[in-house]
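Okay, got some structures for you below.
You will see two complexes here that share chain A, one where it goes with chain B and one where it goes with chain C.
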Partner chain A sequence: MPTIDQTLDEVLALAAVRFKVPREKLSPDDDFFQNLGIDSLQALDLLTRLENHFHVELPDYEMQGVSDFRTLANKIQARL
Partner chain B sequence: MMRFQGQALSWEWKDGVIELALHRDPCNEIGSLTLGELERFSVALDELTMVSHAVILHSMQPAGFCAGADLRELFEGTQRMRREDAVRGVREFLERIHAVFNKIDASPLTTIAAVHGVTFGGGFELALVCDLIVADKMTRFCFPELRLGLIPGFGGIPRLKRDLGNSITRDLLLTGRSFNAVKSHQIGLVSQLVAEGEALNAARATAAQIGKFDRHTSAAAKQFIKPLPLEELRQEIEIFCNLFTRPAVEAGLRRFVASKEALPYLP
Partner chain C sequence: MLDLTKYQCLGEALRDALDRWPNEVCLIESDRDTERTRLTYSDFKETALPLARALQDAGFHPGDRAAIIMTNQSKWLISAYAVMYCGGVLVPLDYKLSAAEHLALLAHSQAKVLFTEFHLWRAITQAPAFESLAVETVLVTEAPGGAALVKAFRWEDFRRKGSPEPSPRRREDWASIVYSSGTGGQPKGCVLTHENYLEQCTALTKLYPFWPGVRYLSILPTNHAVDFMVGFIGPFVCGATVVHLRTLRPEFVRDAFVRYRITYLALVPMVLKNLERGLRSKFDELPSSRRWILDRLIALNRLLTRHRPHVGISRLLLPQIHRAFGGSLKAMFVGGAFMEPLTLQFFYDLGLPVSNGYGLTEASTVLTLNDCKPFRADTVGKPLAGVELRILNPDGENIGEVAARSKTVMSHYLNAPELTSETIVDGWLLTGDLGRFDPSGHLQLFGRKKNMIVTEGGKNIYPEDIENAFDGLAVKEYCIFATNFIWPKNALGREELVMVIRLEPGAEITSALQEDLGARNRRLPDFKRIAGYFVVGKDFPRTASMKIKRIQLGEEIGKGVDRTAVVPL
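The block that comes next holds the complex of A and B.
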């Protein structure tokens, strides 16, 4: 099983590619709604890509209120 | 009518396949405009059945197949009405959309929903009328209606129960969570899981395969295996109309209309 740091790194890498942002400009505690300028539809797109990448289910209600990469990675890690 | 270009949807007949494309901004919300054009499609379906073997439903909107009922229209349309008139209007809308959905569901043609992205609420229900669902891997299915104090009203619960059973239906309905396409494929909701942007191509290939079979045999097989859950469909309309009179629904719709989210019905 990957460590939380590895999971976090993969989340940041995937978000950088999806939203065409240089990886080095993303930090674990960034608010991805603000920093990436994404809306709820794009957040759903990211959720689906993360589920497909990590082969996990992330129930929508667990994602409510999650807006930074570190918390997101923790939610994924809890289901690996 | 071999071809139709509407404001919310279009269809075209070619080589025995009827392709219906949804194209209303932002994500094919189903209101009175879409319903009227679906009713026209329903008439055309009768006319084209004898020269067709398959129907494909798909969306031209990047956001997804369909985000469900047009809740803004529902809220704004019923705000000016007395409660009993609002319920009467809702019931009439539901009766009309059930008639169209039942027609497609029971069509002797093999019907395929080619879906991607947001396939929520009434959009999910529209996909469920089809015999097969071909989904790209970015599709998500959801019944978010309980957030509004309602249940799905376009026949989704009886159809999902018919096709997949009670436990899956309860999970989607009672949690309001969305299933991704991979999970939906694993549980049998999705017939074919394909790469991003490939659902329509896969549906066309499937329709071509279906065209090799004797259409009367296909129709007999479908009639045998896919009965309409008519009693439960009637019950659904009654439950929906009863719930619609509750204050929680107006509050839920008001929150929805006030939201500035791109797609405020997301769970």
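The block that comes next holds the complex of A and C.
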């Protein structure tokens, strides 16, 4: 099983690719709505890509109130 | 469709609907690519009545209030019907609010019963104010086996045999309390009557009829006045079908169009823009020759539908696009926030009419709606049947505050007589929105007079509700405004909030203060965040009881501070 740091790193890498942002511009505690300039629907789209990548299922409500990469990575890690 | 003029209350009308179309499908619930539930009107009745009986046995009486905090799903509607059957008053709450906000609104509404989902209930039980919860009966759906329910019952097990007693209500009785805003400031609980809903439903279905076989995709939260009307009451009194999705991931929403051959749906501007973005990027990927052909077909469709929609022609000209939307889509309804005309025109040109409307919870749902005959992207349509609109104090361009009089206007705000008398004056609802009528009687909107914004996600945000997130900020005083309130402009556009700050004497904006401001702002949900701040050089005007005189402050700032002074966050 990957460590939380590895999971976080992969989350950041996937977000960078999906929203065409240089990886080095993203950091774990960034607000992804602000940093990626996305709305909540695009955040759900990111969630789907993360699910496919990590082979986990995250209900939509798990995203409620989540706006930084670290919390998102923790939610994924808890299901790995 | 049932003739709603014959009915006194929603419960009666729905009861007849369940008997009139027993074998038609009323509800489909799908989770990702798996269909979970499919109920006929007869199944719906068989599920709801034992629940109604159990509620009555638990001491739920006519006029008692029952709150629902659930995502869009079949149990939302079944619970609501059981409440109406018992003559109860519905309190639909936004499931996206925090647990603390849920507790505050449950207390304000004096709900006796709560229907909720397990994950939401778990959050409520963990909130600091949980001990103050005064709800007598809590019913929790989909709780895992062995889960601790903390005084709640499983929704699925809360059943009693025997026929419940129907409790008919009169038209003027309360049907619901719908919160249009207000969790940090004064809660605005709109008390809507059975007459409000019956009249609204009659007017809406005249313009956009439902019938057995029509399928409505329910995406907006059902607690939202629009979905409650067009995703529950409207389809049910016509024998139509409501489709619920347990996820709003764009890819599953797209699949649902095709799988369920959706006829209508209502959405907020954000979702429509998302669909537009997806389509435009697909168009951009086309080879130039195919793109050239597509552009010509779109132009031809636009020409042929310039007077009114011709869905048949549009499907013939642009079959692939229509197939992607299931091939049966007749119209999409959009409201909640201002919609860019270019987006509306984009869909209309594809033969996918978006009927934009204008309304507010205080008027049940909708005051005006575009009938698309002809399509007018620059307006929000004409008043619905039975709705009178006036423009108050029009300026030189005939723009003024929109006021409405209709049987769909709410009874009052719950426990707020002053607010009610400020909002409903001589029978006219003062909307706080600025508009004018064009020569053909279409309403055009130009902004807001009131200090609030509506987000692209359709949420009403009042600055007062956000201010407590900045409690303890190291400044002398601060206040949040909607930018359009202090710098009015007769144009629609992105609506934003700004903070006005008065520093302690001799103090300056430091990087620590900026960081604190930014950090607190980021902790707010994205749709509640302020866009920036600016500093003023004198103390805020206050009342004798030391409340900030917001209107006066807003006017002073509007005259003395330029909009460019806002420092973005």
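By our rule, the second predicted complex is superposed on the first by the 80 of 80 C-alpha atoms of A that agree within 3 Å, B and C clash if a C-alpha of one lies under 4 Å from a C-alpha of the other, contacts with A are read in each partner's own complex, and residues count from 1 in each chain.
One rule holds in what follows: contacts are C-beta pairs under 8 Å (C-beta built on N, C-alpha and C of every residue); 3 or more make two chains touch, one makes a residue touch a chain.
None of these values were measured; they are calculated from a predicted model.
After overlaying the two complexes on the shared chain, residue contacts for A:V66 are found with neither chain B nor chain C. By the touch criterion stated above, A:F33 is placed in contact with chain C alone, chain B being left untouched.
Applying the stated contact rule after C-alpha superposition, one finds that A:V56 touches neither chain B nor chain C. Within the superposed three-chain model, A:I4 lies out of touch with both chain B and chain C [touch as defined at top].
In the overlay built on the shared chain, the residue A:L41 is in contact with chain B and with chain C.
Of the two partner chains, neither chain B nor chain C is touched by A:V21. Within chain A, the residues touched by chain B in the first complex and by chain C in the second are 39-42, 44-45, 48, 59-61, 64. Listing the residues of chain C that touch chain A in their complex gives 71, 96, 98, 119-120, 246-251, 270-271, 274, 456-457, 522, 525-526. Considering their complex, residues 31, 33-34, 39-42, 44-45, 47-48, 59-61, 64-65, 67 of chain A touch chain C.
Across the interface of their complex, chain B is touched by residues 39-45, 48-49, 51-52, 55, 57, 59-61, 64 of chain A.
For chain B in complex with chain A, the touching residues are 63, 117-118, 137-138, 140, 142, 175-178, 180-183, 261-264, 266-267.
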